[in-house]
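Once you scroll down, you'll see the structures, which are given as structure tokens.
Look at the two complexes coming up: subunit A is in both, with subunit B in one and subunit C in the other.
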Partner chain A sequence: MSERTDRLLQIADDELFLGWRDSEWTGIAPFLEEDVAFSSIAQNEIGHARALYELAAAELGTTADELAFDRRPDEYRCAPLVQLRRLEWARTIARRWLYETADEIRLDALKRSVDPEIAGIAAKMDREEAYHRMHAEMWVDRLLATKEGSTRLDEAVDELWPYALGVLDDELRPELRRRVEERLGRTLSEVEAVPRTLHEAELAELWKEMTVVRRSEPAGSQW
Partner chain B sequence: MVETALCEQDVWAALAGVPDPEIPDVSLVDLGVIKSVAVDGARVVVEFTPTFMGCPALERMRLELAQAIEMIGGAPEIRVLLDDSWSTDRITPQGREKLRAAGFAPPAPRPVGKLQLVQLQHGFRCPYCGSTDTRLDNIFGPTQCRSIRYCNACRQPFEQFKTI
Partner chain C sequence: MPDLVFEVFRQERKGKPLEHAGSFRAPDERAAEIYAREFYGRRHESEALWLVPRSAVHAIGDFPEEFDKSYRRVDGYSLRAQLREARERAGTAESAPGGRAT
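Let's turn to the complex of A and B:
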């Protein structure tokens, strides 16, 4: 597998798993607007995954669905940040915000790629992600506005910080640190990033749920 | 049987009759998702540049474009572009008018730099009463492409087509 395909699968897997995790709020988010927001963001992230899988599939001679659902759990390359099961609200918001902040840095780098397909898809994704970022930033403003909110956001960010670093390659991590520290107005601890090679137990659990319909049908079924 | 050769205008005219699956008041040509049409004998190649990447209507759009070409005797090939070529700036002036008439505020033009939340807060016109005294209620709406706004003047919620 080429480095390009490997990279495409990393990002596609991130978007698929986060989309799936976000969709777990459908119907049970704290209020209706957030129910709509999380459902819409989830649909959007899974759409990005599909487009990225299609690019990878063209190179591997397979299909987007096969890449999304027919791999073994240990073959996925998503960052552990997006594998974690539905978190309580402050951590859910912290994860969304950390992911979107990291994703913007990653997309800005990909938009400058000499590969026109990669640059094109990154630019298209970035314009849609702008709305996810606005949503996350709005929540950060809201949490930072009260003592309880900022305490809970701080705790959540500290807990998820090693995971957030793991979304990006080494060279992009300092920029993530700079943005997050600037926004929160404090210094984050020096920690090891949680690498993509680590598979949380939650991944296998989510994989089972995500693929149950597909696995229940004989191979080759048309959907 | 001798068939009259198709020309590009025939194809554009046929595609102009294909409604958007979610907002049938506008056609796919109004939406600007047809990037190019090339005709070679009966073979018709259409470059289709999708709207939102997670839009569930994309497959249906592709199918309906193909059917419209078959209806006029063409052999369609719909090429789906995964690049950055569609934006809401591609919606035609007629398309924007049709959106407004159907109760959707058309999208604002794309800003030069990255879109910011503050640009979505004020100045949008209510499609019902024309007032600009409206507020953003939710960035996200019933589909990928829409936000929810509220008109303080006529007290109507309405949908705003997102700018991307």
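Let's turn to the complex of A and C:
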């Protein structure tokens, strides 16, 4: 597998798993409007995953569905940040915001790629991610506005920080630190990034749920 | 938490009027814009949106009608009876030229 395809799968897996995790709020988000908007954003992420899988599939001679659902859990390349199950609103917001901040840095780098397909899909994703960032930034401000909210956001960011660093390659991590520290107005601890090669136990659980329908029917079934 | 109600006016295509499309709750205008984009914009179904806090709407819903003012309406006069009389006088009842009798 080429480095290009490996890279595409990393980002696609990130978007698929984050989309899936965020969709776990459908029906139980803090209030109705947030529920609908949050679910819509989760769906967008899965749409990005599909577009990226399609590019990878063209090179591998397979399909987006097969890449999304027919690999073994240990073959996924998503960052541990998006594997975690954290059904607690401050943690969900902290993860979304950390992911979107890291993703913006990653997309900026990809938009400058000499590969026109990569640069094109990055620019397309970034135009939609801009609204996801608006949403995440709004929630960060809402949490920062109260003492309880900012305490909970701080705890969540501290817990997730090593995972957030793991979304990016080494050379992009200092920029993530700079942006997050500037936004929160505090220094974050020096920690080791949680690498992509690490698979949280939650990944296997989510994989089972995500592929249950796919696995229940023989390959090639038409829906 | 979401304590404001926003009324949404949606323009479907350029040149068409903005029409009331519904309402939703949001904690403030910033959240309202994000929600409106997701609810009314994600399928490219809108050309433009106006978000109006319900508190900004001066609503009127009572129109007393103590006296018969039907004569003020453009449909206040029925021409049917006058037309029938005119046709009877002319002897052309039920077969008005160039059209059906009404």
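Note that in this section the second predicted complex is superposed on the first by the 222 of 223 C-alpha atoms of A that agree within 3 Å, B and C clash if a C-alpha of one lies under 4 Å from a C-alpha of the other, contacts with A are read in each partner's own complex, and residues count from 1 in each chain.
Everything below uses one rule, namely that contacts are C-beta pairs under 8 Å (C-beta built on N, C-alpha and C of every residue); 3 or more make two chains touch, one makes a residue touch a chain.
Fair warning: this is a prediction, and the values are worked out from it, not measured in the lab.
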| item | value |
| --- | --- |
| Subunit A as common anchor, with subunit B and subunit C clashing or fitting | clash |
| Greater residue coverage of subunit A in the superposed arrangement, subunit B or subunit C | B |
| First (subunit B), second (subunit C), both or neither touched by A:Arg152 | neither |
| First (subunit B), second (subunit C), both or neither touched by A:Arg21 | neither |
| Which superposed partner A:Pro30 touches (first subunit B, second subunit C, both, neither) | second |
| Which of subunit B and subunit C A:Arg91 touches, first, second, both or neither | neither |
| First, second, both or neither for A:Met138, with subunit B first and subunit C second | both |
| Touching partner for A:Ser40 - first (subunit B), second (subunit C), both, neither | both |
| Subunit B versus subunit C as contact partner of A:Lys124, first or second or both or neither | first |
| Steric overlap of subunit C with subunit B in the superposed model, located at which of 41-49, 59-67 or 77-85 | 41-49 |
| Interface residues of subunit A shared between complexes with subunit B and subunit C | 33, 36-37, 40-41, 44, 131, 134-135, 138 |
| Subunit A contact footprint on subunit C (complex, rising order) | 1-2, 24-27, 30-31, 33-35, 37-39, 42 |
| Residues of subunit A defined as touching subunit B within the complex | 33, 36-37, 39-41, 43-48, 50-51, 54-55, 116-117, 119-121, 123-125, 127-128, 130-131, 134-135, 137-138 |
| Parts of subunit B lying in touch with subunit A, wherever the complex brings them together | 52-56, 82-87, 114-117, 120, 137-144, 148, 162, 164 |
| For the subunit A and subunit C complex, residues of the former touching the latter | 30-34, 36-37, 40-41, 44, 131, 134-135, 138, 142 |
